[in-house]
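Sharing a structure, written as C-alpha cells. Questions coming.
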Amino acid sequence: MWDFIVERRGQIAYNTLQHANLVIQAVLVATVIAVVLAVLITRAPRLQGVANALSAIGLTIPSFALVGILLPLTSIGTVTAVVAVTFYAVLPILRNAVVGLQGVDQILVESSRGMGMSELASLWRVRLPLAWPVILAGVRTSTQMSMGVAAIAAYVLGPGLGGYIFKGLSQIGGANAINYAVVGTVGVIVIALIVDVLLLLLGRLTVSKGIRV
Amino acid sequence: MTDTLPATRSDSDVGATPAPTGSSRRIARLDRETTLMLIVPPVLVLLVFAGYVLWRQTADLDGTELRQLRWSTVITLIWEHVRLTFVSSALVVAIAVPLGVLLTRGRFRRLSPLVVGVANIGQAAPSLGLIVLLAIWLGFGFWTAVLALTLYGLLPVLRNTITGLQGVDPTLVEAGRGIGMSSAAVLFRVELPLAVPVIMAGVRTALVLVVGTATLATFINGGGLGDILQTGISLFRFSLMIAGAVLVALLALLIEWLGRVLELLTRPKGL
Amino acid sequence: MSTTPERTGSADTSISGAEIVLDNVVKRYPGQKTTAVDSLSLTIPAGEIVMFVGPSGCGKTTSLKMINRLIEPTSGTIRIDGEDVLTQSENDLRRRIGYVIQGGSLFPHMSVAKNIAIVPKLLGWDSSRITKRTDELLELVGLDPSRYRDRYPRELSGGQQQRVGVARGLAADPPVVLMDEPFGAVDPITRQRLQDELLSIQRELHKTIVCVTHDIDEAIKLGDRILILQDGAQIAQYDTPEVILGAPAGEFVEDFVGSGSALKQLSLTRISEIALRTPTTATVGERTDDVRRRAESNGDMAVIVLDGRGRPCGWPWLRQLTGEKLVEPTEELINLDHRATLNDALDTMLSSSHGAAVVTGDRDQYLGVVDFRSVTEHIRMLEEQAARD
C-alpha cells in the first residue's frame, strides 16, 4: 500500500488537489448564488416555503441521476462535474441562508434602517453578519456533500479522486484494486476533514465575537 | 442526494417545551413547507411518470434501448431498488434507535459525543468509496449493497435519536420517575414518544440518503434503477440516461414523500 | 438536632396522611466539598402541610426528593408511617407518594385523563375505576371532566395545567404528597387561587403534604408548619408560621422572613411600633356626668374605663353610662398586648364594635387604642420607606 502511494505520489497529489479545487470552487460559486437567492427570497415571506420545498426536492434527486440528466447537455468531462457539484452545493446553503436571514431580529433591522442605513447597508452590515454563522453551517454541510458528489461525477470523467475508486472497481481481482479504492476513499475523507477544519477556522475569524457561541 | 437538515430545523421539532412566541412565524413557514412537500411531489411524480409512459410508448427506440426499458425489466429494477431501500432503512432503524437510546443512558452517555464524532467522520466518506471497498472485501451483490447503505444511513437516525431524547424536558423524565414509573416505562411511554418527531425526521433523511445511494448499487451488481443509468452512460445513449435518471428521481421523490407521511402519522397527538 | 414542635390546633379525627420522620439524613455528592444535606432530623406530623423554605442551594429540594428517593440519601433513615423508605422498591414507594411539580410537568403527548391515570394504571386498577377516579379528581380541582378529560396539556392554561398536576399527584389517594415549587410557574392571581384551592382540598383530605417553595408568603399562607433551612439543610427554624413570624429564631430567619410584602409586615410589626390614638379615659368611681362632659368636649362617643390600677376594663358608649358613678363594666374587654402583631390587631378590631382595639403594656397597663387608620398609615409609611430604599 505504501509503495503504491509513493510510486504514484505526484499523480495522487495532483488528483487530490483537483478534487479539492473542484469542490472549493463549486462551493464558493454556490455560496454566492445561494446567498443572493436567499436575500431575494426573504424579501417575500410567501416564497420561503416554496424555496425550502424546492431545495428539499432538489436534494432528493440522486446525484447519479442528475449526472445522467446533465450528460446530454454538458457532455462527458469536467463541465458536467462542475455543474452537478454546484447544483447540490447551492441547496443546503440556500436553506440555511433563508433560515439565518429570517432569524435576524426584526427590531435590529428596523433600528438599522431607523438610523439611516440604506437597505443594502443594513443587509451588508447587520443582516448578513448576524446570519453568517448559520450560513457557514450550511457551507460546511454543502462541502462535505460535494466531496461525495464529485467522486460520483468521476464516472463521467470528472476530475479528482473518484477516478481511483472507479479504477479500483474495474480492476477488482487485480493486485491494485484495493489500493486504488482505498486511496480514492481515504483521500476524499482526508480532504473533507481538512476543508472542514479550515471552514471552522474561517468561522472563528469571520463570526463576530459578540454572537459566537 | 444527501441530507442537509440544518440543526435549527430538527430543534424546532423537539416538542417538550412550548415554543417561544418569537418562533411562531417560523413554525408557520415550516408548516407551509410541509404542506407543499406533501402535495407537490406526488403530483409532480404522477405528471412526470405520465409523461414518461407517453414517451416510452411513442418513442422510436432501438433494440438495446427496448431491452433495457421493457416494462417487466423496469418493474423488476424498481422492485430491487425499493427492496434495497427498505431493507437498509429497516436495518438502520433497528440499529440506530437502540444505539441512540443506549448512548443517552447512564454511564454510556459520556460515549455519545465520541460515537457521533466517529459517525460524522464516517459520513465524510464518499458513498461510492464505501460501496466499492465493501464489494472488494465481501464480494458483489445485494447484501453487500445493503450493508453499505445501512452504514451510510445510520448517522442521521442515530444523531436524531440522541438529539431527540436529549431534547426531552428532564423535568418530565423526573416527573415520570417521581410518580413511580420504572425507568423502562419512562423510556417507552414518555421519552421515546416525545422524541418520535425528531427521530422520524432522521428516518426520512436516512430514507432519502439510502434511496439515492442505492442508485450506485448497480456498480456492484446490487440491482436497482442505477442499471438503466449505467447502461445508458456506458453505451452513451441519451434516451437510457434520461429515462434512468427520471425513474430514479421519481422513486426518490416518492420515498421522501412517504417519509413525510410517516413523520406525520407517527407524530404523537398533543404535540 | 431533632426538632419536633408540638402540634397546634386542628385536632381533626379524619387524618388520612402519614407521619414522616427524617433521622440524621445526609446527602453528600461525590467530588463536592460541601455537604448538600448535613444530618437533617425532622418529624413531619400526619395530616399537616409542612413548607420547606430557604435560599436557593440550601438543600430544601434535595431534602424533599430524598423522601421519594428521587435522590438517594448517603446515610440516615427516612420513615413514612414507621416504614423505612429504603427497604421498599423505589417504584412501589413512589406510587404511594403523590408528586406535584412546578408547572404540572404534564406529559404533552397524553390527554389530561391519561396523565392523571398513570399511577392508577401502574397500580393495576381496572379501567372503570380509573375513569371514575379521574373524573372525581377533575371535579376536585375544579375542572369540568366532560370538558377537560380528553384535552391535551397544550390546550390548557398554565393554571389549569397546574390543577391537573395536582390531580395527578392525588390520583392513587396517597397518604403523602410531595410538592416541588408547585405554583411557581403561574401568575400571582392564579397562584393565589390555586393556593386557596389547595387549602380547601386539604381541609377535605388531610394528607401529609410536604411542599418546597422559595416564597415565604406562600409558606406562611399554606403551611401548618414552616421549615426554614440554611446551607447544608441546617434547620434555622421549624415551627408554626405564627411563631416564626412572631419570634424568629435568630438573624438568619429574621432576614429571610423579613423581606416581602406589606401584608407580611403586618405579621411582623408590633403594635408598640406604631402611634396609638388616645381617646377619653375614665377611672372606675368617677362621676358619670363629669366623664360624659369630658368625652363630649373631646368629640368621643365612648370612654375607656380603667380600674384603680390603670388597667382597661371596659369601653362603653356614652349612652351606656348610667348611675351616678362609673362602675366596672361586666362585659369582657379584649385587650391587645403591645407585643402583638398588626395582623392580630386587625383581627381584634374586626370583631370589635368600635373598629379599634385597646392596647396594653406591661402588667396590662393601658397604653392607647389602635384603629384602622393608624394601621393604614403605618402601611403607607412602610411603602414610602420601601420606595425610598
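Note that the chains are named A, B and C in the order they appear, and that numbering of residues resets to 1 at the start of each chain.
Criterion: contacts are C-beta pairs under 8 Å (C-beta built on N, C-alpha and C of every residue); 3 or more make two chains touch, one makes a residue touch a chain.
Bear in mind the structure is a predicted one, so any value in this text is a computation, not a measurement.
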Category of the chain touch graph - line, ring, star, complete, other: line
Distance-to-centre winner among chains (Cα means, whole assembly as reference): B
Separation of chain B from chain C, taking each centre as the mean of its C-alpha atoms, in whole Å: 58
Where chain A and chain C are represented by their mean Cα positions, the distance between them in whole Å: 65
Distance between the centres, which are taken as Cα means, of chain B and chain A, whole angstrom: 20
Junction residues of chain B, two or more chains touched: none
Interface residues, chain C side, partner chain B - complex: 65, 68, 70, 91-99, 101-103, 105, 107-111, 118-119, 122, 152-154, 168-169, 178
Chain B contact footprint on chain A (complex, rising order): 45, 48-50, 52-53, 56-57, 59-69, 71-72, 88, 91-92, 95-96, 99, 102-103, 134, 137-138, 141-142, 144-145, 147-149, 151-152, 155-156, 162, 165-166, 168-169, 172, 177-178, 181-182, 184-185, 188-189, 192-193, 196
Interface residues, chain B side, partner chain C - complex: 15-16, 18, 169, 171-172, 174-182, 185, 189-190, 193-194, 268-271
Complex contacts: residues of chain B adjacent to chain A: 1-4, 6-9, 25-26, 29, 32-33, 35-37, 40-41, 44, 121, 123-130, 132-133, 135-136, 208, 211-213, 215-216, 219-220, 226, 229, 232-233, 238, 241-242, 244-246, 248-249, 252-253, 256
